[in-house]
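This is the structure I want to talk about, given as structure tokens.
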Amino acid sequence: MPDWIYRRLGDRLFAALVVFLALGVVAAALLVALVLYQGSALAFRTFGFFGFLTSQAWDAVRGQFGAWPPLAGTLITASAALLLAFFPALAAAIYVVEYAPRWLKEPVAYLIDLLAALPSVVYGLWGLFVLVPPVRDGLERPLFTWAAVHAPALVPLLGPPTGIGLLSATLVLALMIVPYASSLARDALALVPQSQREAMFALGATRWEVVRRVVIPYARAGIFSGVVLALARALGETMAVTMLIGNAVNLPYTVFGPAATMASLIANEFTEADTDLHLSALIAVGFVLLLLSLLTNLVAGWMLRRLARGEGRR
Amino acid sequence: MRKGILLLGFLLLGLAAARPVQLNGAGATFPYPLYAKYFAVYHQQTGVRVNYQSIGSGGGVRQLFAQTVHFGASDAPLSDAKVAEFRKKFGTDPVHVPTALGAVAVIYNLPGVSAPLKFTGPVLADIFLGKVRTWNDPALARLNPDVPLPPLPITVVHRSDGSGTTYIFTEYLSKVSPAWKQRVGFGKSVSWPTGLGGKGNEGVAGLVRQTPGALGYAELIYALQNKIPFGSVRNRAGKFVAPSLESVKAAAVLNDFPADTRVSLTDTDAPGGYPISSMTWILVYREMKQNHAVKSREEALALAKLLWWVVHQGQVYNEPLHYARLPEVAVRVTEKNLRSLTYGGEPLLR
Amino acid sequence: MNRTLRRRYLRDRVMVGLVGLGTAAVLVPLFFILYYVLVQGIGALDLAFFTRPPAPPGETGGGMLPAIAGSLVVDTLALLMAAVFGVAAGVLLAEYPDHPLNPPLRLVVDVMAGLPAILMGLVAFALVVRPMGHFSGLSGSVALALLMIPIVTRATEGVLKLVPWELTEAGLALGLPRWRVIVNLVLPAARGGILTGLMLSLARGAGEAAPLLFTAFGNPYLTANPLEPMDTLPLKLYVYAISPYPDWHRQAWGAALLLAAAIMAASYLARRAFRR
């Protein structure tokens, strides 16, 4: 065929194919939002959007549903896990990039990446059989018996010392996001140009001062985005949490007691919701989870832009 | 590239290969050990594959309505309202096929206590309401004067999923405790005042087994298979009865056995009867063509034959697994119901 | 040495210690986990595990053959779908940066990357299970693919952007049409990175159980037909872990070890591919 047809047609077809497939991706995302929106319509109509968000009930017998208990559970576990995980994750990242001898860098980084990829169910399995018994027998029980004798007012705040509940779920969640946040932070730290470090060393700074005054601020945006991604992961984590949180759809008043997160609630009840309202309420919880993820993403993007802007170059 | 083609070929082969009939079912965890046995044996004998997923009775009913499964399984019969809804939606009746009778055992984990404990319905209700919080509460001590009960807090364990076992247990509690009936009610999924949730009978048994001081409810076989202690409950005749094959059979006093087999056996006053017993059912569409999961007459026939086998030859597997066999009257009524199953208007079994 | 200097050196020492402590706090529990998985799981990976279907609850001697086969089928299908759509999206973002589809595409990819897996399960249920009328491995693959696409897209875009412009220039100078340049020059140059993205997404998808709870559903029989319900390793792991049967617990550890080993292999291959 004449050469120009081959080129033009080829280019057009190829571009069309790529666009078509990429459109598929966009369509898929829109479908996600649409399905969740439509499915939750019944629940939102019945309870009102804010009514549903703030209601504390979850009673399938009486047809009363509210997202507040699982929402509170999600927020508490995710933020507590992030708080626990942040410093160790950053420390490990700093160690790998700044302090570790060359022969150690690769293996440690590889190990951390591997653990970031370990499936949620494996963490859940480990948590259930290895973490829960010592938490229950070594921490919760002694604390509970001590409080029962010396500070009875604390007892309702502590809750039943079963090992299964908010505490174990949060601990395992923290364990799960540490490697994830750490490898993201490490990528950000590694991007800092060596010239910046050398300049500081030339000025007579100690190792730590270089890290604190140059490397971290330079990588600030990347570290922050890593933190946010880790938070997003923690918000949606399902399997390990479902196995460890005790699945009681009540407000998490107690430290040791059972609770539920939005993800664990959906996982537990979805195949079995037998009334249309119950099913719609579950999808509505999913919709709230979607909104939460979107919100986290948006805030992260906004903060990232602010941080990046403050850096001057780029 | 070559490997990709090989993989594709493997997939296509899997698609094209003549498949044996596969029936999909979902529902109750209460009879799951029994059904797993039924279907394993049936597969050996006939080659028909039955894929049963124990997701809870609520799930079984839901998937049956959603027509993603050939049959559902539930320990809670469909309510009148639900039956009416079924008729309206699908233009045919749901058929309840009883398969076995079982007991909901009160399981517990009390280190240092080996003697079986005694409970009454009202005390159980109070425990699950959160009113009785420790093992050495006077209410329990009164019932078990010879047992040294520790001052351990009671960790209530219930179902986190929609469960027929929950239905049976809460129906019993509603019958014996007005406070429970008013505060919580009964159903496959209730708003529990206290406690941890486990998924499926397996989840509850697992939690109780691992948590000292726990108290929960689960089908008897789960307690026996995992050597979890369970207690006896006082029935309406005033006797403390432990769950067992005999006490379940005794509770199955079926004087007015309804044609649709929907019957409740809880809170029996039969002297030797265990008060938290129940029948469990498999649910199918009477006119199978209305169920889009049933893709052909062949499948409908296979399902009808399976059910016939379950209520006849399959019953021998009940007792070794501590489920009671169906009483004669239940089998007779069920035979009539099975003969009424049709596909496209034509009856399946003669 | 004056006081401030000494103080600075002291602080440096202290911080090294803290950083080391933090790293240990990360590595020790994680070693713990790997150790447990290895020790508990190795005993379960016998021949029966790999070749036999599951036994009824309470009986021993069962295995995970259907779950292993199911994992292979579901994950392969998911990878195919994710590869086709993900790489295409990455190509659009990197090679056609002025296309109006880019801003929404980028937004969508960023958002999808952060969505919880279980939501994808909900969506796959509505889009595939409902219309089909039954659960299937295919719906599970769709759910997983939705999870995997953002990972593949990001990796593809990233690595395509790293390919030096000179390569494209050279191709165009030689008279190749644009599409030829992309397909025959740029993509092969980025091959390693794309493979890395695919492996990483596979590692993610292969380990997910939540989206499969109400899509693939589970199946005790061996089947390679994605139109039937299927079992996968993570799903089986979950069901067995929360059960009260010690034999099932044993098998759950075995499944955990198998999964961990597979993911370790995938990550290792990903790093090797990227190095190339």
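Per-chain residue numbering starts at 1, and chain names A, B and C are given in the order in which the chains are listed.
Here is the rule we use: a residue touches a chain if its C-beta (ideal position, glycine included) is under 8 Å from a C-beta of that chain, and two chains touch if they have at least 3 such contacts.
These numbers come from a predicted model, not from an experiment.
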Statement: Joint neighbours (subunit A and subunit B) are C
- prompt: Farthest from subunit A in C-alpha centre terms, which chain would that be?
  reply: B
Query: Counting C-beta pairs in contact, does A-C beat B-C or the other way around?
result: A-C
Query: Between subunit B and subunit C, what is the gap in Å from one C-alpha centre to the other?
result: 37
Task: Compute the distance, rounded to whole Å, between the mean C-alpha positions of subunit A and subunit C.
output: 16
Task: Could you list the positions in subunit B whose residues touch two or more of the other chains?
output: 26, 198-199
Residues of subunit C engaged with two or more neighbouring chains: 242
Message: Where in subunit A do residues touch two or more of the other chains?
response: 271
Task: In the complex, go through subunit C and note every residue touching subunit B.
output: 55-58, 73, 76-77, 129-130, 133-135, 217-221, 223-229, 239, 242-246
- request: Give every residue of subunit A touching subunit C within the complex, in rising order.
  value: 6-8, 10-11, 13-15, 17-19, 21-26, 28-32, 35-36, 39, 87-92, 94-96, 99, 108, 110-115, 117-126, 128-130, 175, 178-179, 182, 206-209, 211-212, 229, 232-233, 235-239, 243, 263, 266-267, 270-271, 283, 286, 289-290, 293-294, 296-297, 301
- prompt: Taking the complex as given, what residues does subunit B use to touch subunit C?
  reply: 7, 10-11, 13-15, 19, 22, 24, 26, 32-33, 36-37, 40, 43, 49, 51-53, 66-69, 198-200, 202-203, 205-206, 209, 221-222, 225-226, 228, 292-293
Message: Quick check on the complex: what are the subunit A residues that touch subunit B?
response: 57-62, 64, 132-133, 136, 144, 160-165, 242, 246-249, 258, 260, 268-269, 271-274, 278-279
Message: Please output the residues of subunit C touching subunit A within their complex, sorted ascending.
response: 8-9, 11-12, 15-16, 18-23, 25-27, 29-30, 32-34, 36-37, 40, 84-86, 88-89, 91-93, 95-96, 99, 101, 104-105, 108-120, 122-123, 125-127, 146, 149, 153, 177-180, 182-183, 200, 203-204, 206-210, 213-214, 234, 237-238, 241-242, 249, 252-253, 256, 259-260, 263-264, 266-268, 271
